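Below is the structure I would like to discuss, written out as structure tokens.
In this document, chain identifiers A, B, C and D correspond to the written order of the chains, with residue numbering beginning at 1 in each.
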């Protein structure tokens, strides 16, 4: 496995090995990114709702922000 | 306990008989589904005979699926399910009564129609009785498993299609052993193992499904 | 020892806390009328009492036995009339009622109990009519007739007077009075006033408010 | 189960697990990196399948995780149904998509691995067929949990399905194996090679550990998102009811 090209060739199976690894990477990274994005979005909306609730009725309930 | 059990079975049978359409529709679907295959696969008797058992079983599965959605739905919508859950008999027993009523209105007609369709598909004669036996042992399990799906989709937005998606994977063991019982009978092999397993699947589903369906119903009534 | 009690009940439906810290007591012959705005949990409380819904906190007891321990016996003690009429259009009124009479109270004397029930609500003339021809008021009377079709000490009626005309409401009031006189008890959620001497009223608004305050506190935490 | 538990408990869970997330991320990347390096560079090729055996390092862990996630869904379903623990349903619902991705990966890499050997993209091999049925169970779970207006009702219904499904998995496996031996195609090369050479074992284990850590990593993130979404719904609902 000295030269890069023979490594990439994967003994002729390149067309199967790399798509397998590639697909795995794409899907795993994909679901991770989607999860993180929903998390950030939900936290942002919760903070917005909390701030809105605070502004609307500062007297009602203890005023403390989201950690 | 048994009196209320038979009371519910009798009521459901009377409802089905008054509505009339139900079992007829199911059998008609079963017949049509099977009759379609020769048009798709070609009328050549050899091929048809070879796939006859599989085609009949798959069509029986889909026909049972057709009528499962309404198993609890009408009672859920008109408030009877609430009262059944509030009756002095455990809900699991009443679910079993509903399943038996469902089997009598769909499973049984399928079993009666099956040999006729076996002739249409040129199935070998000595497969007939085994087909009836396997269906008789398999369709109750299908009704039991289907009852779980019917209970879980109560109150959901997309009832029918969702039900088949939930339940079909669970039908696969019954399908595999039902077809293999008929095929090995035709091939002259022993069929005891398949029938024992079909019986085992039924005995396994008998306690599990009413429990799961009752739990699903209780949640839908919350 | 009061017969039917609920202590410090909290009801959660889906993700919403409906009410918190609600208690009630009801004795033989008692009538409890639940009042409060929409969404304050009247129906939820009735479903809790019936056992269709389990309290997130607190317990409902019948003679200090928690009703959750033996739901079937509790079911045998009560009749629940919800928003739906539970009537099969293909069956006649008598067939509908006899089914529920036998399911709840067994076969003994079911026929004449059903006849009594129909007479009680003045719909004997409908006995052989398939239920699909009934008007809203008639189906409601048929559904209410179920509570007479087999004996049960506890009646849980959720807005029984909807779709009932004045005469039917009067009939219902007199039937409830007889039921209480015979030692029975009833819990009714209603918007139209129901007369019944010695009736207690339970206003759910403070308990619903308690739920909101609690939710404010923890949601923001 | 005290009322307070319904809200405070998720917060306590989140405050405990949030700091874990970066550590879990680091460990996942570490073990996956090591596994990939060993698998692609150090481990020998298979004398029969040549380099294509390396697909094993993504196929086998994905297949394990497919079953692992479904098992954890069944456990959280049982905990949710029996002890009414609010977080159990959240865990189950958060696991399902990750499990479905692993199952799909197992199917895809399985077919990519099988192509050079069997000459077709799909063979009704017992393991691949069981994996396909498991994939349908996942899709059914996710469809059911999203089929209700009230997410909690969906989670509860899906929990029952996960339990019933989980009990049926061995039966399905048994019947598919029987069905497969009944219609046995002539020669089927074993999926994971004749025998695992020790130097192949290490990358396999590292990848499996990496996948498990990845699952836990994404699970905590998804649960955090779901609990927050629950709070948002509660706030909005309270606004409706005033």
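In the analysis below, a contact is a pair of C-beta atoms (placed from the backbone, for glycine too) under 8 Å apart; a residue touches a chain by one contact, two chains touch by 3 or more.
As the structure is a prediction and not an experimental result, all values here were calculated from the model.
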More contacts between chains, C-D or B-C: B-C
Remotest chain, subunit A as reference, centres from CA atoms: C
Interchain centroid distance [CA atoms averaged], subunit B/subunit C, Å: 37
Centre-to-centre distance between subunit D and subunit C (centres being mean Cα positions), rounded to whole Å: 46
Approximate Å spacing (C-alpha centroids) for the pair subunit B, subunit D: 31
Approximate Å spacing (C-alpha centroids) for the pair subunit A, subunit B: 44
Sequence positions of subunit C contacting 2 or more other chains: 216, 221
Overlap residues in subunit A, where contacts from two or more other chains coincide: 50, 53
Residues of subunit D touching at least two other chains: 153, 231, 235
Residues of subunit C that touch subunit B when the two form their complex: 13, 50-54, 72-73, 75-76, 78, 80, 82-88, 90-91, 95, 99-100, 102-104, 106-107
Touch list for subunit D against partner subunit B, complex: 81, 133, 136-137, 139-140, 143-144, 147-149, 153-154, 156-157, 160-161, 163-165, 167-168, 171-172, 174-176, 178-179, 182
Subunit A partner contacts - residues on subunit D that touch it in the complex: 15, 36, 40-41, 45, 50-52, 54-55, 58-59, 62, 97-98, 101, 104-105, 108-109, 112-113, 115-116, 214, 217-218, 221-222, 224-225, 228-229, 231-232, 235-236
Subunit D-touching residues of subunit B, taken from the complex the two chains share: 148, 152-153, 155-158, 162, 165-166, 168-170, 172-173, 176-177, 180, 197, 201, 204, 208-209, 212, 215-216, 219-220, 222
Residue ranges of subunit A touching subunit D (in the complex, touch as defined): 1, 10-13, 16-17, 19-21, 23-24, 27-28, 30-32, 35-36, 38-39, 42-43, 45-46, 49-50, 53, 67
